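The structure follows.
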Amino acid sequence: MPIRNHHHPVQESHGNPMSRQTPESRERYRHFLALQTRWIDNDAYRHVNNVVYYSYFDTVVNGYLLGRGVLDIEKSPVIGLVVETQCRYFSPIAFPDAVHAGLRVARIGTSSVVYEIGIFRNEEPLAAAQGRFVHVYVDRASGRPAPLAPELRAALEPLLVSPSP
Amino acid sequence: MPIRNHHHPVQESHGNPMSRQTPESRERYRHFLALQTRWIDNDAYRHVNNVVYYSYFDTVVNGYLLGRGVLDIEKSPVIGLVVETQCRYFSPIAFPDAVHAGLRVARIGTSSVVYEIGIFRNEEPLAAAQGRFVHVYVDRASGRPAPLAPELRAALEPLLVSPSP
Amino acid sequence: MPIRNHHHPVQESHGNPMSRQTPESRERYRHFLALQTRWIDNDAYRHVNNVVYYSYFDTVVNGYLLGRGVLDIEKSPVIGLVVETQCRYFSPIAFPDAVHAGLRVARIGTSSVVYEIGIFRNEEPLAAAQGRFVHVYVDRASGRPAPLAPELRAALEPLLVSPSP
Amino acid sequence: MPIRNHHHPVQESHGNPMSRQTPESRERYRHFLALQTRWIDNDAYRHVNNVVYYSYFDTVVNGYLLGRGVLDIEKSPVIGLVVETQCRYFSPIAFPDAVHAGLRVARIGTSSVVYEIGIFRNEEPLAAAQGRFVHVYVDRASGRPAPLAPELRAALEPLLVSPSP
């Protein structure tokens, strides 16, 4: 489902003000992870399947948190639940392309974080896809929303980007 | 990322009017596919990973289209590109749960279709997750938007549901 | 990787006496799980990718053990590690095919179990693929091999099949 | 399924002479691909699931062939079918580990190729897992075994390794 291209403007709006309708450039992101495509990422249309982009999102977010020492899967009393994800696809990627996943934080709430991710193909300057990934932190035992830990907040602040005008 | 539950209201809004903030019931969907979870669907938190829900979306949409004879992967001159997907997660699912994927169509445009999917766990009446999946149809050769084929439009109409009040 | 067919005999032997060179029938298996293919299971050759068969193996084995109450992911002091898997592919499967996974046990050792799995497409009588899946049970804390629990052994015995002549 | 370790010798043999029972070192492989783990690769045991190793095999083999210009998914008259895969698992890998996949060729037949793959975790000298991946080349139209193309044979010869004594 992937033979998309930057040149066919999709003029019909689907009504979602939060998703940016046009591909952004790399400068809009604060942290990058180089990712590889895998043979199995390609689907019957011979491009990376729409589902797989979310595994890139998951990897860049959790990789960032693990790298900063603010994610402890086994023991932390407070855990991040994914409550919403979204992706807009602008142009195709296919194995064996390289991918750079750009990460930024759009909002740090009391108990939630809104991440935004840009997926860049090889050395292309504009995103092939853009998405969001929303964590709500809850107490592991009670399941109730819990405030973000100060260390987590400190790790996220360098990624915070104000909305583009 | 999965120990979600229906009982913790997430009061912070993330600004997206299109995604329904509360779980809907099965009556709001027009077509159902019984799906199985797989062992590998569970992630390190021991629930179905957020990425995997999109493979359920993909399967119910393409399965419906194949079943109606309106998807020809190899030869059709016009193909559907996935231009946007989204999911909100309300409560966890885990292997070996059964899943019912409900499908409806929220909008049929000139060259695009907006599908909405509800993921129901076992016999639960309310959705564990809800999402959307947007196809834009393009000419396979030129990549330019192309009008929906009449047979496709006819296959989609029974799934059309007007927005809930 | 998938346009295989029962009619092209692969006469070159690859030297592995344990893998059965020819497709078996359903009667050779003791437990069945109906499985669905997913859109994403198909790869660029438009058939189920070779990797995905192992997710069917994993699911039928763990599903059987969970169903018999002899698998406790979180707490059991002894856990099964996968030490070897193998698959021979005879003929292709593709979404939206249905799959029946047949399961049997070829050997119950002191601390290990050798499972064999047959993957049957739709109503076909002969396996599309056949594989094995070997668990070694170890003490969760020390990592040393541990004897199979009596309940596990009891759950496995009905699946035990002597080698075909 | 994954808390394996190099130090617990599994003394029960499972009867397969082709799979090497002990981890080999990197020198036994001829081509390497650096691979990343993904968050979703980890399963409920918090290590890379046994299925996922095969996506690494697939990627290193097809990546090598694409890089040498001897794989044309869309048009080549002769295609490689995967007829057998196998993996032995020695010790666990977990996201965010890096992986190096070593590749060699154990046998070049008239119409088949036996690849062997070693999966190395981070900078470890011994393989965490070892596997094989067998391609049979067939005529795309007839499905009958076809001789390996001379260019393919030339691309494979540098990877050929004689069995260790």
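Lettered A, B, C and D in written order, each chain numbered from 1.
Everything that follows uses one rule, which is that contacts are C-beta pairs under 8 Å (C-beta built on N, C-alpha and C of every residue); 3 or more make two chains touch, one makes a residue touch a chain.
From a predicted model like this one, the values you see are computed outputs, not experimental measurements.
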Count the C-beta pairs in contact for A-D and for A-C, then report the pair with the higher count.
-> A-D
Centre-of-Cα separation between chain C and chain A, whole angstrom = 35
Take the average of all CA coordinates in chain A, do the same for chain D, and state the distance between these two points in whole angstrom.
-> 31
At least two other chains touched by the same residue of chain C: list those residues.
-> 39-40, 44, 46, 49, 51-52, 55, 58, 73
Using the contact definition from the top, classify how the chains connect: line, ring, star, complete or other.
-> complete
Contacting residues of chain A [partner chain B, same complex] = 1-5, 7-8, 10, 12, 14-19, 44-45, 49-52, 54-55, 58, 73, 79-89, 107, 109-112, 114, 134-136, 138, 140, 143-145
Tell me, which parts of chain D touch chain B in their complex?
-> 39-40, 42-44, 46, 49, 51-52
For chain A, which residues are in contact with chain D within the complex?
-> 35-36, 38-40, 46, 55-56, 58-59, 62-63, 66-67, 73-74, 95-96
